[in-house]
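Next, two complexes with chain A in common: one pairs it with chain B, the other with chain C.
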Partner chain A sequence: MKMSSLVMQAVTGSAPAVDLHVYKKRTQFGEVWRRFRRSKGAIVGLIIIALMLFCALFANFLFDYNTEVIEPNYDEALETPSAKHWFGTDEFGRDVFARVVFGARLSLYIGLTSTTSALIFGVLIGAFSGYIGGRFDSIVMRVVDVFLALPSILLALTIVAALGPNINNLILAISIANIPYFARIFRAEVLAIKDKEFIEASRALGANRNTIIFREILPNCLSPIIVQASIIMALAVIVSAEFSFLGLGVQPPTPEWGCMVAGARKFLLSSPYLTIFPGVAIMLTVLAFNLVGDALRDATDPRLKH
Partner chain B sequence: MEQGYPELRIEDLNVVYDTEYGCVRAVNGIDFSIRKGRTLGLVGETGAGKTTTALALMRLIPDPPGRVTSGSIELLGTDIMSYSEREMDAIRGKVVSMIFQDPMTSLNPVFTVGAQIAEAIRIHKNLDAKAAMDEAISIMERVGIPGERAKEYPHQFSGGMKQRVVIAIALACTPQVLIADEPTTALDVTIQAQVLMMFSELSKASNTATIMITHDLGVVAEVCDEVAIMYAGEIVEYGSLEDIFDHYRHPYTEGLFASLPNLNDRNARLVPIKGLMPDPTALPSGCHFHPRCKYATKLCAERAPVKTVIEQEHYVRCLGYEEDAGVALEGFGNK
Partner chain C sequence: MRRKRICVMALALLVCLTLSLAGCSGGNDSDAQTDGVSIIAANDYDITSFDPHKSNDIASSTALRAVYDTLIYANEQLQFEPGLAESWEYTDDNTLRIKIAEGVKFHNGTPLTTEDVKFSIERQQKSGFVGDIVSSIESIEIVDDLTLDLKVTDASAGVIAGLAHAGAAILSKEHVEGLEAEGKSIDDDPVGTGPFIYESWTVGTEYTVKKNPDYFDENRAAKADRVTVRAMPEYNSQVVALQNGEIDISIFMSANNLTEIEADPSLTVVRYETTEETFAAFNCSKAPFDNVKLRQALNYTINRDNIIQVYMAGTGMPNYGVIGPSAVGYTGDVTKYEYDLDKAKALLAEAGYPDGLSFNLAVCTDYYAPAATVWQADLKKIGVDMTIEVMEVGAYYDMTGSAEHEVALSGWYGEPDPSTTFNPCFNSELIGKGGNNFACFKSDEIDSLLEQALIEKDMAKRLEFYYEISRIATENAVYAPMTSAEGFIILRDNISGVTPDLQGIIRLNGWTKS
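Presenting the complex of A and B:
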């Protein structure tokens, strides 16, 4: 009986007015956030990232870059942590806390820009390669294989060595070294999804290639990409520290964490806090991105709902 | 008798798939036409070429390996075989739309159903997101889904509700031609009846020409006006619902009806059609049905039957009705 009354409505077109407020209460973002915050690790990670972000954004309101971070002050060299210098001072008498705070700005900048550009190019390559398929796919994937065959550190080292050690070349090197990973992952996702019936259904509705790739397939692959991006983000922070430690990335006296650890290793036994604080900063950042990435993966997967 | 302009006319459609094992002749010289507001049932066993025919009408045959070797598909009077991919994109979903068999997999799992219906509208209509969503909600109400469920995801819907969403998407741009590929096969029998009823009311109300692909003669009896019986890529018998159900002429059609349970005589044995569908890479010579036909003669293996008109639209492809062939269907019609 109920059915036939619905059909009657359908035929006569007298559908009741819809209360638009009923279904707007639960937005997609709210839903993801609700599931995300259930993970304690995620909240810890988010707090650390927020802290790092705060340091990065407001570093110049907290400390003066030229006088406190760069300029030597030999009177206060190698002081242990105190109320005045929370993390102590280095061999030039510069405040380590101020330098760690400014280091956050550099690390996040390098990590974000290199991850974003690797993600954009990797996703584009993977998407078209996987969706178009055939000979085009084979050629593109062989090129990607060549890049994957080289150890990414070696590849990045070569790029930096060829172009010269500075921040922009470091970012370029990290991005290029990570594009193949994004391309591989996204191509695999596209292959898994492009033959699903809902893609055929959407072609039957008149959706063109770009609509299908970016509006149908891409949102289905967000979770592995987010997870990969958080891992690459963490990796980029480590690699930038490594390269700066080796003298191939950011050059002293710029306050980069890896660079600071490198400078402090002469005082490892006498003043261990010089290496510990930037080292802990690197560790916390990497940990935070991994925690948040994992939690996001769980939260964005509609199949794991409730 | 008033007869509308044919919305869709197909002539001599041939589709082959080139595979490693040989050339699969999936559709062999099909023709039919369909008018506004009418429903054509395309009936046949698995592998008869029903879905391939449907995909060919949308120009969605995967190529390679599939190929439309010949034939014309006239949609609203123009042959769409010459259209470019871009022109086809503009037609698909707007002029001709398709409902897929399995509602469980034909919805995108990461979007809300409302968003998916709205997306279907926005592909063809220049509407902003909010207007499209409002229209999507009104379409949902028309197929019997409460509007507030628009913000839910496909996995929160039952099978029958999902199929309603799929139907809503297909009807979103009020297409002139609708192809429904076994729309109720994946559903419970009780839900089947509801969905079928809603479906035929809606397509009648909007005067859509519908092609209903099914292997269920019950569904055909429920919703179709005309019926085409397909076997091995050919239409072996075609006629009005009445022609096929009360005056069927082809041995294969007889076999289909004989294999249905009879409610009035529950002791009657079911009579299956012996054998299996022929290997489409090596179709039998002559009449493709002859190895399974209980009336087959020597001639049936040699000579391919042509269309024989019984009356008006009712035609059959069987040597038993070709006067010069001299094949007698002895005992035809006696169970």
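Presenting the complex of A and C:
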């Protein structure tokens, strides 16, 4: 009901100047964007992500890492939020706002790198497995099944415990734990499309396997992968915070949101703001990626076009 | 629909966040079946076992001392008093004659005999947790029902201290053998002679003991009718539980919550010195820390005031020795390295590192991370780049146990007898074994002092040997000593009689509630 009235409005709004009989070409991206921005949540999510990205990219210009983020300043320890220290200071006298801003850099870095690498490997595995099929497909998918049978957090925990706690191992662990999900989704897409006429046509034109996979199949199967990526991104931010909270990720004095929450937990009664600010930062980031992912899924679903 | 789901999700996230932060605790049926005085205490972790031979931690010691007795009793000042043993004396260099008290009965009614004592000690010797404490006892000869002779390899004071350890609790032979024959363990039905009778234990949650009305020693008889000790790992929730009366006592409180507690008129803080010391230990067995100048240089970078402020919320005290100041065998007469970055820099250059160096600090759990972070910032000022690696306990001891660490940061608690305090940390035979010889420092002088101290019977002379070890260790700067912690017990204002011993072990028998 609501949806159709919106469409009506859009149509009548643009009616006077345009001849309705002229075919207006829209790119696929334009179409998705048009549908995407209808969701208020998606816009809120995008704004939050833009804000976090801004913090991450320009953290260096906002604060000096050495003097403001990691160097202790014992005279100003445990101050409540004020004009000088927006989010207060921790037990070392370090500015919590500066640390939260730098934390955005780390969280997004961990999230982006782990999601991207999981995506690349997952898509490659899914594409070849789905396209080649047969025994190769069965073997690869059974291996993927083994990984899927383990809860991804447990798998990541095992990897970090075995390799030792630091940022690179954390990224490695999160990406390995998420590769099976991408592989599964992409393989399903490939299976659905690989016998379509346009693939056959390109095969008839003499395209080899790699050309077909990368030039024909990949561009046509991207949307579910992008949706999945935004969800995994949210998950990666949470997992990196969780692992750092448990002391399995980022090591002090590096500002990481989960690390900050863990360190501030003992001041929960006396200085609750120490846990609230990094906690809210984690929550907002995860929420933003979920909102965007949700809206993207709807926007790319052709069945929900109008 | 979708929007609603997102709202719900956001709400759920918020709730999860608050809940996980608040660390809420359930189970509020505290006053269910009370007859007489019932006291509920909280500890930060649960006990390991009611079997004295299957644990060796402070929480379990408290429970064991409630249900069982030892032959010899170490009081709060860690002085030895008669326990189940009425008297003890060395009849010759290798024979300790013990007379046990008459008329002592186990909780199930059977009388205590020397058979039970022999059985308990022999069972303890097979234990991986506490077996080494009585390893110097070669054989046990029963003279009569109330007298027995312990044949020992060396007649040191360490034997007496060992018999006062909670691991040397006396079990009922008949009862334990009966349980084991049925394929059960002591945890199914712990029976001792102690001031309290076991009532229940929910693993990971809480245990309850009730008063033993027929306890043999009036002075140490239980005052409360029933005591429950609950495991509450989150200190914040312990404070909240204290404030709303859900618990009466917090056995082990973090210094970070003292401000809130002191502001509450219904709560009292009992402060006590502990035998603990927090220190960083250099691995002297391999480069670069086999260089004494380098170790001394880094010793001058320990800013104890800042460590106390950040790591212990302003409580505790600076320490320069190798064990806590209230531990037996402590001496303050050691080489002291006061915070002095200029000296540190000069020594660093002398040691061959004018441009600084970088190394890795293994930290035993995030409890010690604040102390490590303070040190890291000070090291940075003289060009030393230290990375911190926070490890969980098992991984940490694996590392120190194989002497693979560069520098390791953790704490060490003194024992009633200095031999068990010093030997694990300084005996060169234990380098790379067990993980407590953190400094891996090989010194024939220390080894010979340890040996002499072990066989010396005169306590004053023994202590001199241990003082000398402290002096050699600090002279060689094998540790970077930091601080010693204070302990905090929090009581609601109607509770009294809670006093810890110097090791921080608390006995339940004196507790009363008005």
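Throughout what follows, the second predicted complex is superposed on the first by the 259 of 306 C-alpha atoms of A that agree within 3 Å, B and C clash if a C-alpha of one lies under 4 Å from a C-alpha of the other, contacts with A are read in each partner's own complex, and residues count from 1 in each chain.
Assume a contact is a pair of C-beta atoms (placed from the backbone, for glycine too) under 8 Å apart; a residue touches a chain by one contact, two chains touch by 3 or more.
No experiment lies behind these values; they were computed from the predicted model shown.
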Contacts of A:204 with chain B and chain C, given as first, second, both or neither: first
Which of chain B and chain C A:220 touches, first, second, both or neither: first
First, second, both or neither for A:196, with chain B first and chain C second: first
Touching partner for A:77 - first (chain B), second (chain C), both, neither: second
Touched partner set for A:253, first chain B, second chain C, both or neither: second
Which superposed partner A:294 touches (first chain B, second chain C, both, neither): second
Partner chain(s) touched by A:108 [first = chain B, second = chain C, both, neither]: neither
Contacts of A:173 with chain B and chain C, given as first, second, both or neither: neither
Contacts on chain A seen with chain B and repeated with chain C across the two complexes: none
Residues on chain C engaged by chain A in the complex (per definition of touch): 2-3, 6, 9-10, 13-14, 17, 21-22, 234-236, 239-240, 254, 256-257, 259-260, 306, 309-310, 313, 365-366, 369-370, 372-374, 376-377, 387-392
Footprint of chain C on chain A - complex, ascending: 41, 70-72, 74, 77, 91-92, 164-166, 247, 251-253, 261-263, 265-270, 275, 279, 282-283, 286-287, 290-291, 294, 298
Chain A-touching residues of chain B, taken from the complex the two chains share: 58, 60, 85-86, 88-94, 97-98, 100, 102, 105-112, 114, 119-120, 123-124, 134, 137-138, 141-144, 147-151, 153, 155, 166, 169-170, 194, 197-198, 201-202, 205
Chain B-facing residues of chain A, complex: 3-4, 6-7, 9-11, 13, 15-16, 18-20, 22-24, 26, 28, 196-198, 200-208, 211, 215-216, 219-220, 222, 302-303, 305
